[in-house]
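The data blocks that follow each hold one structure.
Both complexes below contain chain A, partnered by chain B and then by chain C.
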Partner chain A sequence: MNYKINLRKKLYPLWFLLPFLIMISMFFGFPIILTGVMTFTDFDITYRPSFVGFKNYQKIAMDPNFFKILAITFTFTLVALAIIMLMSIVISILTQYFVKRKVARYAYRTIWLSMNALPSIIYAVVIRGVFSPYATSGANYICLKLGLIADPISWLNHFPLVLVIFTTGFLNGANGIIILSAAINSIPEDYYKAARVDGTTEWGIVTQVIIPLLKWPLMYLTVTNAISLISSYNYILLLTEGGPNLRTTTLSLYAYQNAFENSQFGYGAAISIFVVTISIALVLVLFKLFNFDEMIQPCRIDD
Partner chain B sequence: MFHLFYENTIIKCKYSLLTFLQANITLNHCFTKLINYNLNITNGFSNFTKEEEDMRKQKEKKMKKIILLLLFSTVMLSIFAGGAAEKETSDETNKVKTITYTVRHDSSNENVVSRMNMIIDGFKQLEKEDPKVHFEFNYLPKLEVNELAMQFHAGVEADFFFDEETATGSLVKGGIIQPVDWFATLPNVKDTLIPNVRELSIYDGHMYGVPIDMALGCLYANKKILSKLGWSSEEIETWPKRVQNGEWTFEDMAKTCKKAIDMGLVKYGFMLDGVDNAGTFGIAKSLGIEMYDREQNKLIFDRNSWLEFYKFWEEAVHEDMMIPKSLPNFEGTYNSFFKGDTLFFSDVSGYEYWRRNFDGDAEKEFPEYYEENFTQALIPSYRKGEPAQCAMKLRSMFVFSSVKGEKLDYLKKALNLSYLPENQVNNMLTMGKLSTIATTYDLQEIKDFKFASDTAYMTDYATIRSGHPDYNTKYSKYYRNQIEGVIVDNLSAIEAVDKLESELRFNIDADQIIFK
Partner chain C sequence: MSNKIIIQNNRAVVRGFVVNILLILLTAPVIYFFYWLFTTSIVNSMTGNISFKNWGFLFKEMNLDSIIIPIIWPTLWFTIKFAVLVTLLDTMIAVPAAYAFSRLNFKGKTVLMKGLFFFNAFPSATIMIAIFFLLVNLNLVNTLVGVVLVAVATMLPNHVYILKGFFDDIPWDYEWAALVDGCTRFGTFKQVVLPSATSGIGVIMIFAFLRAYSEWFLFKILIFSTKYTTLAKMMQMMLMDDGDILDYGAMTALAIFFAVPVAVFYMLSQRQLMKISNLGGKKLA
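Up next, the complex of A and B:
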């Protein structure tokens, strides 16, 4: 009887988790398995797939555009990530540490959070307008007036990757600002007082008190943003559609185009599995950089 | 896939659910009584004798059985009622047969609505001829080819939809559409369908799309700028004819553009609507590039022709400066011509676009304004004496492969009536699209529609993009990528051709393309 009671006790949590496990299986697990199976087929518009083995993976290696797109993916991810993290840290420290009044802090947080309220298409339209090739467009007008350029520039043709990276980085920084702001606000004042008593400057407080204490949220933001950037292409699609001439095409966009524009679902699925593999590898590298193993060690001081 | 199952189930259970809910209210009453009865037992009336207790329990069991039986009956009746609901509708219409066509339809697109109205006019006339039949239309959202294929294979049925000619091969490959060779034999069509349209509608030996209307990719010119360049009225008037005869070529166009730019009359010599459209196809055809072998149903890559094509872009953008370097992401290409910043413009929807966006009375004032300021011709040939070309976008109606029997018969009859010239007029006048029926152009209203009557001759020079499944998704994308490469990345013509060839060899199956 005892073992039955113990088993029942152990199964109780599973009953509560069951609805969510079913949902996750249906909407995540099952599609992932299906995608994996699809990579071994020549699934196309006929919806009559046949098994082709590793042909799709071989095709990735032989694709003439593959290495160019891989380089663009890494450039996009790493530079946009750097912009997001730098922006998040700088703005959250400036607004939450250096600004003393609570009302002002709330106001800054609200302004940055409100950036997330508008849909991406609005920002894309604004960016396309500001950087359009006309002499009267925002960017060209300012540069011509300042004498930086002699003729209007077609920004989306000449600097497409730069524009896409800055747009993505700038507009995705808001989430990081909110999380880091909350983390900074939770640092006890005593730490700052103790640092000042020791003669630390404000810059020293930022680098030696605040940033080390933000290690967990920084790691969380870095990892989640890295995964998100590798798989996202919404601003790329809205601004340049991956062009001109694949100059802003990332692997995830390439997977989408192969699957849904070229009707090569098997090949698109294989590329998306490759994207997942890269994401996992990148996450492991980031864990190593942040010394994740050390961070999760139990505290050596007894409570 | 889950959302398709959901959609189907909900549609089928619609009536069942309503009936079930109504019955449920009655059942709730019974349940409440049962619960109250039990509560009374447990709250105080527990001093029953053994016999009374047994009787109570028997009554309780009986009540539960009755309620369960009622519940089961209600569910079964609801299901049958839901199924019968549609039959009741047809019974109610007093022996008039109702045939419902399900159409994949983009109701936000004026062009599609206009086409659908043209088809509906045919059905209305059919109803007058045969009062015992009534037609209804059920609209589903228009989908891209891939999603259409998914829903089709998942069993979400529809009857017809409208799309471009480039979708034909993919739709045939997916088994989604059926041949419509019968269309060319319809009484009102067989002698009046424009021969070139009939020819161009054939894919892999069959006609798969009913050609609804077409738009021609011609070359527009600004008459006022031409006269400032020193062209006489006669030269401007005869310009379309000189292009048609192969006397006025791309070389002449390049010289004219250069002169206009040097004189400061325009910012740009020649503009297209980006590199993503039939305009680049028109240029490719005028350079003599063959991309598709109709007989073998295979794509063609002719290296020498493509080398010439990319040399043209090299010269036009970087040497003659005829085409702006900002073309790939240029916003407002149509307006740049209409407002006088560009001398020549090539696109399929020019006239129609400007008419819809005209600041003024589009019907009364625009035709006169257009006549005064602009003119149009075929896409000039690349070499003197060679024929000029015109790219055509042919909008067709595709019939799903599941449509059979009576439904298909009535559809044929309705189309026959839709293709009477008087039923074609509205679509032409409203949307600026051209009819595929030759006799439409004999009607006075169309003769008065000057643009249509002036451009009707171009259909004989028209050619359409291939319907091969690998053309739209791969071939056209790759060659247009290399145009961007030449313009933006300063690729040489040879580099562009090499890149194009390697992409075609990699992505298109060897048995689907011929390399020359």
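Up next, the complex of A and C:
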């Protein structure tokens, strides 16, 4: 009898967790393992995979595009990350600390918030439209008027990587702005007053009061943005599809293209494994940054 | 003395000036985007006059040179249906799970919490190949059930994580009081904890709905028939099929049509969303 009650008590949380656990193991746990297994097969359009050992990895080493793509991935991630962090720090400190008028602060925040809310596809339309090769399109029109260019250019063909990096950086930065703004807002006004009484300059307040207090959100933003830049290819796919001539293809996009456009699922999975490994390493860094045990509260009901 | 004050005042004025110039410069592109979107949609690209020709998809099928835009309402209806399905399933799974993470003791809780954080940060795009293979074997590829399941699964860790924060904020005394009065554990969950967590549940429902509403990637990979097309998928297809020669008039009109519900929804729910000020447990400052 007692044993039965104990078992019921033990199993009780399971009823709450079961659907969640099923979903997670089905669409995260299992696919991660499966990706690993698939790298050792020649799984393709025929759907009759057989094991081929390390052939897919050898193929990566032989792939003439691989190092080019690796270099693009690095450039893309580092430059976009720098843009995201710089932009979100500068804009959130400017709006939340330096702009004293409530109306102006509210206006800026609303603009950036709504920017963040709209689906990515809309920005893809805007960027492709503004930078389209027509003479009447935004970028060409302005540059022609200013005399910077003689003839309309096809921006996405001439500067694909620059455009992709700036679009991704700018739009992901909008998200960072919101997180940092909320964090700056929660800093008590007294801190600033105390610093001013001690004779700190405004610049000093930024570097010695605000930035140190933003340590956690800044670290969080850096790591999560790095992960998403390395592994997602949302804007690249919408803007250039990796072209022209692989000039904007990152590793994860290359994996996607090999799998879903060339139906080389095994090879695509092998490339994905690189990205997965980097992502896992970054997530582990995130773990170290945030002390975990603190976040888990024990149950305070002893039933 | 008075000189010093004047200098300080001057400095403040200059600083305010610099700050505003900087902010205006940084915000200008965003405003230009919105401006461009709006003007392009109401201008006839041939004549340059204002016209509402671009909005034809509201009433009939539009046959442009390169693409056909079908009448929009069935697609909108499907998009909303998809978003509602995802939101409901997501909430149904996330709420009890978040409650367990916040309030119950069980073996392996620490590991699972870490897993939650891990999957929250983990990019599901990288394992899409395996997910596709899985759905093929379950005969769920090209079905609505399949996309809904994958869509819900990819957003679950994040939502459970957010919701756990809301549950953590509810005082334990409420539950103790209910238990003392003879309520069961499940009874307290239903009658005490859930009503106190409505704002948190609201937040994840908003997130789920917005994300499902703008989903195109999963439809691109997991769906082959045109029967299931969301607005975002439709726009993505036009954007990628036609590239540079696109009719941006119709495209921007479509984009605005697509964005307006989101914008309205977001403005209405802004206060609600501002409530998540911490990134799960740890206070920021």
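Operating definition for what follows: the second predicted complex is superposed on the first by the 252 of 303 C-alpha atoms of A that agree within 3 Å, B and C clash if a C-alpha of one lies under 4 Å from a C-alpha of the other, contacts with A are read in each partner's own complex, and residues count from 1 in each chain.
Just so we're on the same page, a contact is a pair of C-beta atoms (placed from the backbone, for glycine too) under 8 Å apart; a residue touches a chain by one contact, two chains touch by 3 or more.
Not measured: the values here are computed from a predicted model.
Once the two complexes are overlaid on the shared chain, A:Met62 sits against chain B while remaining clear of chain C. In the superposition on chain A, contact is made by A:Ala269 with chain C only, not with chain B. In the superposed model, A:Ser132 lies in contact with both chain B and chain C.
Among chain B and chain C, the chain that touches a larger number of residues in chain A is C. When the two structures are aligned on the shared chain, A:Thr46 is found in touch with chain B, with no touch to chain C.
By the touch criterion defined above, A:Glu261 lies against chain B but remains apart from chain C after alignment on the C-alpha atoms of chain A. Looking at the shared chain after the overlay, A:Ile236 reaches neither chain B nor chain C.
Of the two partner chains, neither chain B nor chain C is touched by A:Leu81.
In the superposition on chain A, A:Leu156 makes contact with both chain B and chain C. In the superposition on chain A, contact of A:Met26 is made with both chain B and chain C. On chain A, the surface touched by chain B in one complex and the surface touched by chain C in the other have residues 26, 47, 128-129, 132-133, 154, 156, 260 in common.
Listing the residues of chain A that touch chain C in their complex gives 10, 12-17, 19-20, 23-24, 26-28, 30-32, 34-35, 38, 43, 47, 87, 90-91, 94-95, 98-100, 104, 108, 111-115, 117-126, 128-130, 132-133, 136-138, 154, 156, 170, 179, 182-184, 186-187, 202, 213-214, 216-217, 220, 223-224, 227-228, 230-234, 237-238, 241, 252, 255-256, 259-260, 265, 268-269, 272, 275-276, 279-280, 282-283, 286-287, 290, 292-301, 303. Chain A makes touch with chain B in their complex at residues 26, 44-47, 62-65, 128-129, 132-134, 154, 156-158, 160, 240, 243-247, 260-263. Interface residues of chain B, counted against chain A in their complex, comprise 2, 144-146, 149-150, 153, 170, 173-175, 324-326, 328-332, 469, 473-474, 477, 481-482, 484-485, 487-489, 499, 502-503, 506-507. Listing the residues of chain C that touch chain A in their complex gives 15-16, 19-20, 22-23, 26-27, 29-33, 36-37, 40, 45, 92-94, 96-97, 99-100, 102-107, 109-110, 112-115, 117-119, 121-134, 136, 149-150, 152-154, 156-157, 160, 168, 172, 175-176, 179, 185, 210, 213-214, 216-217, 221, 232, 235-236, 239-240, 243-244, 246, 248, 251-252, 255, 258-259, 262-263, 266-267, 270, 274, 277, 279-285.
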